[in-house]
Amino acid sequence: MEQTAFRMEARGVSKIFGNHTALDAVEFGLLPGEVHALLGENGAGKSTLIKILTGAYQPDGGKILVDGEEVVLNSPLHAQSFGIGAVYQEVNLLPNRSVAENLFLGHQPTRFGLVDRRRMDREARVLLQRYGLGIDPSSELGTHSVAVQQIVAIARAVQLSGKVLILDEPTASLDRDEVQRLFEVVAGLKRDGLAIVFITHFLDQVFALADRVTILRNGKLIDTRRLDELTRTELVRKMLGKDIAFSGSTSLKTERPVTDVLIDYEGYGKKRSVHPFSLTIHKGEVIGVAGLLGSGRTEMARIMFGIDPADQGTATLNGRPVAIKTAVDAIKHGFGFCPEDRKADGIFGELSVRENIVIALQGKLGWFRALNRDEQLDLAGQFGEAMDIRAASLDMPVKLLSGGNQQKVILARWLATDPAFLILDEPTRGIDVGAHAEIVRTINRLRDDGMALVVISSELDEVVAYSSRIVVMRDREMVAELRGEDISPGVIVQAIATHGEKAA
Amino acid sequence: MTYFKKLALAASIATALSSSAMAADMTIGFSQIGSESGWRAAETSVTKQQAEKRGITLKFADAQQKQENQIKAIRGFIAQGVDAILVAPVVATGWDDVLTEAKEAKIPVILLDRGVDASQDLYLTSVASDQVKEGKVAGDWLVGAVKDKDCKVVELQGTVGSTPAINRKKGFEEAIAGHNNISIVRSQTGDFTRSKGKEVMEGFLKAENGGKGICAVYAHNDDMAVGAIQAIKDAGLKPGTDILVVSIDGVPDIFAAMVAGEANATVELTPNMAGPALDALAAYKKDGTVPPKFIITESKLYTPADNPQGEYDARKGLGY
Amino acid sequence: MNRLAFGRLVNTQTVALVGVLLLNWLLFPGFFKIEWQDGRLFGSLIDVLNRGAPVAILAIGMTAVIATKGVDLSVGAVMAMAGAVAATLVVAGYPTALAIVAALAVGLLCGLWNGILVALLDIQPIIATLVLMVAGRGIAQLITEGSIVTFSDPALIFIGTGSLFGFPMPVVIAFTLLVLVTLAVRKTAIGLFIEAVGVNRSAATLAGIRSRLLLIVVYALSGLCAAIAGLIVTADIHGADANNAGLWLELDAILAAVIGGTSLLGGRFSIAMSVVGALIIQAMNTGILVSGFPPEFNLVVKAGMITLILVIQSPFSSQFMNWLGRRNRGAAR
């Protein structure tokens, strides 16, 4: 029986939130002694699946098996009793307690009802040595590096559970050496027969560490494969979706006649955020930005717009050097920015559609040149209509609108400022088909009207359709600039996947 | 600014105090609650004066309303081997341990102004006023002042539930008990503050036909009385004449009001708790005379006949 | 147009105020009696306005702060400080104008301090302003040395007890401030920006609003309002009472803003309604005074009334009223 070989298994697991299906009959099997990577873009269903496996969520359909026996996991603590433990990107241990206390918290060795501190430290020392950590168990956890804390968290999880270890982006805040150290620990646990789930955005790490990979997209299982049967390009293609026909499918449109340069970023970057990049943007041009989640796409946009000011390089606008240190600076120069997280950084939920539309223009006008109510209604009406915003009233709170209409409101907000340069970060994510089409239409229209745009998107077909050029980000670095015939999903996928050498 | 001048003065007093150590034959620790009211500030300065007058070195510790600070200060005094300790306790409970330590170190402790819930053999004596008597003296004055006339009294109580408010109310009611011509028609709390006293009096004046029905106001402290006087004036009446004003404490501003003919009587709560305390201590140190367990300070009545200007001048510099 | 303006005045706050006033009238029939006496209006209703003025002034600043998702706990202590500074200066013989300007400057500085802690150092408002709430009263006590600094400067006293057009000065000042601040936030973009920062500070910054500067200005306004309120209560009793001036009034001001419909989560605000909220609180206080209840009931009565008002305003009860309305219409059909 093949199933019995699985240490843990999810069979046909579904999860529904409201009318949104987060997981749709997903199959997931975990073998002992393997590192199993779980991949997918935002909203693919990774975290939902993890929460079901650790008992934080109950599935709405399907079942969970541990060692071939069906189980119901009521809570993470309950899952722990079945041998399932997890470690997250943010270490949730107690930084102001000792390493030993963190390792044994809740099940400290006791003597006469009191914590036997000496025995605890002794046992902790032995345990830590198995993980190659020679640190003092009585030292405060918070005094150690994130990597060490991460390993302590792993040691604790393994100690408590011991069959299945789920690592949710454990390497996100580690540097290269620290990652290496963590990998050695994970490899050791694998040899001990633990089944390990590994979630990360870094493909290099997947290929370095994992034996098998499961890919989710939009809540559905796309594939589970051995990694040695899979090329990077195939992997990226599966993650991003669409059956991308390779070669042959070059962009139909010819490169547009190059007009005046609007803005030129030269060696622009910020330490610990994005490697320096150089990018020249012309008027009437859409620069598509492709790359996986965590590749530095959003960071690049934030630097361009001055939210996180660059610490190196220069920006030249219309031939003149400019300093863009804050969003206010950027807006003064005629920039606009639709952020990726609409709810957290975009809309003012309680405020009206009208106020949401006029706010950026009002910000540009300053505190004392206030638009009166009639002017606001005019503007909101005009740009609301241009974006085809479906709202019962311009005075209703914007939070009552659908996601697509909210996105249109943010776009209308920037159009009202009459921008020369617009940065859109995932403008079409999570919105309905109609709004999606409207936004793509708008991007095309603005480009044709002579505006310069930078559009970040995971939708390759879409980016290919409207971009004049495409830059590809990987590991916080601009790795390729595609133009002309290279603007095709296949080339983009290859550029994202290619290891080492820059694709051209 | 006077503030800086006073600071400088305080500094020079401090030096004077420390230099008088040679002349003094006694060193005494004083743990004060804080400086939450003008009366408290006056008590502090009078205590310092009284100690200086007797050539005693006074070690002063301000507890800033915290019992743990007081206990810490007392332990400090014990460690320094002072000759006696004065305490104005911030709360009544929780003193047994530290008072026992003082007793074991054979350092007599005298309580000022407030009592404690501890065994009486843990302290030498307790110097305090009789709050019920204060109320009674105020009431007796009113009885004498109105004679047989009908008199409707409004009462400005202290903070609801506080011991002085309860006792001063009780004493006043005892004094007017047998006199059917005097009745308390309204009673509200003014929280011992001037502004609340004024606000409450405004309400009383409206409620009692513009104040025409009110014969006297009895305030549990002078601050509220000063506020009430302003309210009476704002209502177009003459305080002290149209409405009699009697209160308790004897702070400088009530004497100023008496000078202006706007207040009729106040019962002094003396800030000089240290004088009787130090006298008792001196007798005890000299020949072992054990003082009574409770020394009650005088509750002296002051009226405009008692040279209010002089009383005002005498109190002005005490920090009220 | 007139209908519209009138319609906007009928809301839960004004209804609650009228309700409390009517209740006072039931308990004390002379409540609405107003007389002309010594060139000024005189009566319980005037007392409500006059005594409510300091909290109303605090509420003007507090509302703007709360709308930015903040809170200013220091206003009571700032009142004490401003009063202490003004009183000490006039007693020392400085001109009244200088004393007033110095007191206002102290308030403004305190507000700037709070604003800098909140906006630049990103300290949570409740903690940032707690610093001055504790330290401010201590500083005020240092200035007055724990005693009530009594003064007789007629110009300073006029602020608290004088009258203009028959109305007590505190009422005139509060009303002027209400009009000025309302114009300043509604005739400029500041009101919109305050709401935007309160609803979503991150989005506001991305939309090009100088949210840090805005926060500093809002806290400075609150400090200034507190100083004005402090001058009034000091002038009213002809003395600076550092121990008691403004004590716990920050809580009344917060309550006034909340009764006025400003959410502690920031966003929509109405300064006028907060002032109504302050008057509701004062109407209850004055009502208790004239009704003759024993003082032991003061807090219970107040708490009960406030709970009632807040329940009536809660989203739950408006849903309930909607439901009731629909049901009645259905039944009538």
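Here the chain labels run A, B and C in written order, and each chain numbers its own residues starting at 1.
Keep in mind that, in the parts below, a residue touches a chain if its C-beta (ideal position, glycine included) is under 8 Å from a C-beta of that chain, and two chains touch if they have at least 3 such contacts.
Everything quoted here is computed from the prediction, not taken from an experiment.
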Central chain (distance from its CA mean to the mean of all protein CA atoms): C
By number of C-beta contact pairs, the top two chains: B-C
Inter-chain centre distance, chain B versus chain C - centres from mean C-alpha coordinates, in Å: 34
Whole-Å separation of chain centres (CA-atom averages), chain A against chain B: 69
Rounded Å distance between chain A and chain C, as computed from the means of their C-alpha atoms: 46
For chain A, residues contacting two or more additional chains: none
Chain B-facing residues of chain C, complex: 28, 30, 35, 37-38, 42-44, 47, 51, 88-89, 91-92, 141-143, 145-148, 150, 161, 233, 236-239, 241, 243-245, 247, 285-286, 288-290, 292, 294-296, 298
Residues of chain B defined as touching chain C within the complex: 1-3, 6, 35-38, 40-42, 157, 160-161, 186-189, 191, 193-196, 198-200, 202-204, 206-207, 210, 223, 226-227, 230, 234-236, 253, 256, 319-320
Chain C residues touching chain A - in the complex, by the definition given at the top: 187-190, 192-193, 195-196, 199-200, 202-210, 267-268
In the complex, chain A residues that touch chain C: 305, 307, 327-328, 330-331, 337, 339, 344-351, 355, 359-360, 362-371, 413
